[in-house]
Amino acid sequence: MRATLGEIAAALGVELLGPSNVAERPIEGIGPLESADGATIAFLSNPRYRAQLASSAAACVIVAPALREEALARAGGRGAAIVVDDPYLCFARLTQWWARRVRPAPVAGIHASAVVASDAVLAADVSVGPHAVIEAGAVLEAGVVVGAHGFVGRNARIGAGSQLAPRATVHFDCVLGARCIVHSGAVIGADGFGFAPTKSGYVKIEQLGAVRIGDDVEIGANTCIDRGALEDTLIGNGVKLDNLVQVAHNVQIGEHSAVAGGVGIAGSAKIGARCTIGGKAGVAGHLTIGDDVHIGAHATVMSSVTEPGVYSGYFPLDEAKNFQRNAAVVRQLQKMRERVRTLEKQLERQPGAPTGPNNDNEAA
Amino acid sequence: MRATLGEIAAALGVELLGPSNVAERPIEGIGPLESADGATIAFLSNPRYRAQLASSAAACVIVAPALREEALARAGGRGAAIVVDDPYLCFARLTQWWARRVRPAPVAGIHASAVVASDAVLAADVSVGPHAVIEAGAVLEAGVVVGAHGFVGRNARIGAGSQLAPRATVHFDCVLGARCIVHSGAVIGADGFGFAPTKSGYVKIEQLGAVRIGDDVEIGANTCIDRGALEDTLIGNGVKLDNLVQVAHNVQIGEHSAVAGGVGIAGSAKIGARCTIGGKAGVAGHLTIGDDVHIGAHATVMSSVTEPGVYSGYFPLDEAKNFQRNAAVVRQLQKMRERVRTLEKQLERQPGAPTGPNNDNEAA
Amino acid sequence: MRATLGEIAAALGVELLGPSNVAERPIEGIGPLESADGATIAFLSNPRYRAQLASSAAACVIVAPALREEALARAGGRGAAIVVDDPYLCFARLTQWWARRVRPAPVAGIHASAVVASDAVLAADVSVGPHAVIEAGAVLEAGVVVGAHGFVGRNARIGAGSQLAPRATVHFDCVLGARCIVHSGAVIGADGFGFAPTKSGYVKIEQLGAVRIGDDVEIGANTCIDRGALEDTLIGNGVKLDNLVQVAHNVQIGEHSAVAGGVGIAGSAKIGARCTIGGKAGVAGHLTIGDDVHIGAHATVMSSVTEPGVYSGYFPLDEAKNFQRNAAVVRQLQKMRERVRTLEKQLERQPGAPTGPNNDNEAA
């Protein structure tokens, strides 16, 4: 694909700066600042890459106002720049424009091999891929795309413009809002993990709720969102879930929260709006995480977090021997604390010892 | 769906208590105690929700004998109750009865789009969904349901009454017992991870075993159970695996054990009966966990656990700065222990110091 | 299946030792040393199983030269042995030979139910299973096998001899080398997790790169490898990924590295050659792990690791009460270190205290 800088600037609705005729420059790709060549458009958003700007061979760089002169001064004044308040956002929009140009649009229609129930309700322009299955009573609103091997269970509803990648599964009665993206292998609406324990084994609690998902939600590959036991599992507008995330039954995730890969969220946990949860973190069930809480990677959240803020819970790795030796001491920490207390008391008893409160206030 | 309390009590084989005509009350749903309305049946099992009982508007509450009067006294004596020794179990059975009434039963038959090998052996009443694939020599016993896009490999056997949700995969030679449920995306019988390392790279060890699964086993969405290297991977009767669990080759899981979401169990680990393993815990290979062992969420099991009991292994998260500072000290714990020892020795040398054994018995 | 020891030795190109007529012994299976019977061939590689050798009833044992006499002396001198420098490698090759004999070879041809684009390029001998989908411009080189429900997106390329298990998914533009194995449910080329945050929510960054995978790579069940944002995600020759692994966009994994189940590797991390990463470990984004680095199970890698070596980062579990008490002290470690410092200073001020540097050099 090839476009001129002028076309790009016009498509993004931004001003293009640089030498005369800059609008004619041909662009063949979007690339990182460092490896960009004269047919590449790049961007600079993270200040730590600023050192790469002056020497970048990129045909054009998207930068913030503070870097305008630096971007234009490149190549002896032959640099081009798009100056915007939020270069990263501008870059995001550029990728969207680019993708629309290089990728074939889904073709409306139902593939001959798809199995669509006679009473499913499909908008005129939906695209249903090969071997997809749409069950009775399901609704696909305008512009919906169901990829190859997609499955939409009975009475499920897929909102306008939502896209199911090949092999995405949405079970019966589940509801997706508009403009959602569900990646391959994701399973929405499998049974929650609920059993009554008895002496002769577990007795299944049928999961009578479903999953309700807002607008503009993206759900990663092989991610699972279980249906609720009695009420619905709820995913708010704008939520983004990465791959291999487990969302258990009756979880609620507030608007515009983002959850990284491999996270597990146990049953009935409530997560607020605008939260982020780092990769492989775990959230226990029946707790509440407030709005604007940021949980670091690998952390274990076992009780509610009510204050907005940044929380962490991982230990850096070390050479195996060192780590194991220190880890062994962790198993003795209570005893060590007692030994420190004993020492403090011994010293207090000595003539000339300092008096007053010590730090021993951390009752377990 | 709508049922009367009388129908429900009769179906569950329990006694219904309350004012006259209580059996006529129409029920439209099962719900939590707190949000239940006059057309809802609720239950109280966990004592911490007891405070919600008196004010619950539920048409009927399933309670234990101790709460009988409190349940009936609701609404000025118009409360209804089902009094049973195990309200949670009664609730579980109610959900099962309810689900059978609101969900269409699978229709026996083989969908025209399914690909079934001519020498597969299918009981007369099995249900095979659209685009399912049943390979040569596979056996589906009475009442088996294979959902859309299901895959049953050659010579695999699915026991009577077992259900494969859409897009469940059971590979060749694997055996499931009766009444199992396999959720979407689960993969039973992929190759175990086995290689002989050489200087020029890894050489694959073909996995010549299979997977054998008992009766009444439930396997969560996108969970993987690998086939054994030489012998079979074994899952006992009544085992329940949540979503996104990894069970490596040659693992054995004893009867009625339950494994929560995101757990990983490495090769050849043996887990006993009636164990529970919390979410995202990890179990190393070639170790043994005895019966009735309960492993908490996020714990790392790196050596055998022989005694029944409750085990834990997670660190609560903290504000990021605090956590990181304390985590940095963990890397110095050995040194800190030595410093404490040094202090103790110094004090012992002083006149008037206490004598006798100190606590320094934690040789690493 | 049944073979003679002579056939096996000939197939593996190794010498068979033992009593006369040993080549005639019939073998019906490969098994562990301990449970092997007179129709089983076993191997001994790990020295900790050596004690099982003398009493093993195996028809033949594959051993290293040092154990030659011990292997032959079994059963009063009737033991048979295959003596090789690397018994484990010999065993691996035996499993491969065995599997080829007991498993039906994939039949070349395209199943009638598969949907293959007219301009896809398929070598004459490929095997495409039922309900597979091969999109426009895709290339399947010689000997490729695509299992049931397999998906190969437009312009993707699958190298010679590679095998996609049932329900493996390779998205558009992605490239696999020769002799790769992709297990069921694996998703190669879903979108990386990239968004520009704005006040009104996240704006998607279209992922314009793809995934490029070398030769002899094995990818586990339900593992995900995301496509790159601008450039490609890269997996080197000989890499082995276990099940449920998350490889985020723009990750690079060097040749012959092996990654165990449940590991997560965040965006743009670079992992060197010949590394191993233990089960459920996590690797943060934008860091570098050098060659020959071995990361233990459950470790969290949050900064670059440049030196070859063995690294660890897990805490062994403990009885729940003990663990929780010690974990509580971890939250006080900074304070405890200060208390130890205070004690040391007090003692230094005392007459007769030792002088010189103390250990207090661990500035956080």
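In order of appearance the chains are A, B and C, and numbering begins at 1 in each one.
The rule is short, and it goes like this: contacts are C-beta pairs under 8 Å (C-beta built on N, C-alpha and C of every residue); 3 or more make two chains touch, one makes a residue touch a chain.
Protein names from UniProt, one per chain: A, B, C = UDP-3-O-acylglucosamine N-acyltransferase.
Source: prediction; values computed, not measured.
Enquirer: Can we say the copies chain A and chain B touch using the same residue numbers, with more than half in common, or are the two sides different?
Expert: Different, since under half the interface numbering is common to both chains.
Enquirer: Could you work out how far chain B has to rotate to sit on chain C, using CA atoms and steps of 5 degrees?
Expert: The rotation relating chain B to chain C comes to 120 degrees.
Enquirer: Please compute the C-alpha centroid of chain A, do the same for chain B, then give the distance between them in whole Å.
Expert: That pair's centroid distance is 26 Å.
Enquirer: Can you list every residue of chain C that touches 2 or more other chains, as numbers and ranges?
Expert: Within chain C, the residues that touch at least two other chains are 113, 131, 149, 167, 185, 222, 244, 262, 280, 314-316, 318, 330-333, 336, 340, 343, 347, 350.
Enquirer: Please output the residues of chain A touching chain B within their complex, sorted ascending.
Expert: For chain A paired with chain B, touching residues are 113, 115, 131, 133, 149, 151, 153-154, 167, 169, 171-172, 185, 187, 190-191, 193, 195-196, 198, 201-208, 222, 224, 226, 229-231, 244, 246, 248, 262, 264, 266, 280, 282, 284, 295-296, 299-303, 305, 309-316, 318, 322, 325-326, 328-333, 335-336, 338-340, 342-343, 346-347, 350.
Enquirer: Which of the residues in chain B come into contact with chain A in the complex?
Expert: Within the complex, chain B touches chain A at residues 29-32, 35, 86, 88-89, 91-93, 95-96, 98-99, 102-104, 111, 113, 129-131, 148-149, 165-167, 181, 183-185, 216, 218, 220-222, 237-238, 240, 242-244, 255-256, 258, 260-262, 279-280, 297-298, 314-320, 323-324, 327, 330-334, 336-337, 340, 343-344, 347, 350, 353-354, 358-360, 362, 364.
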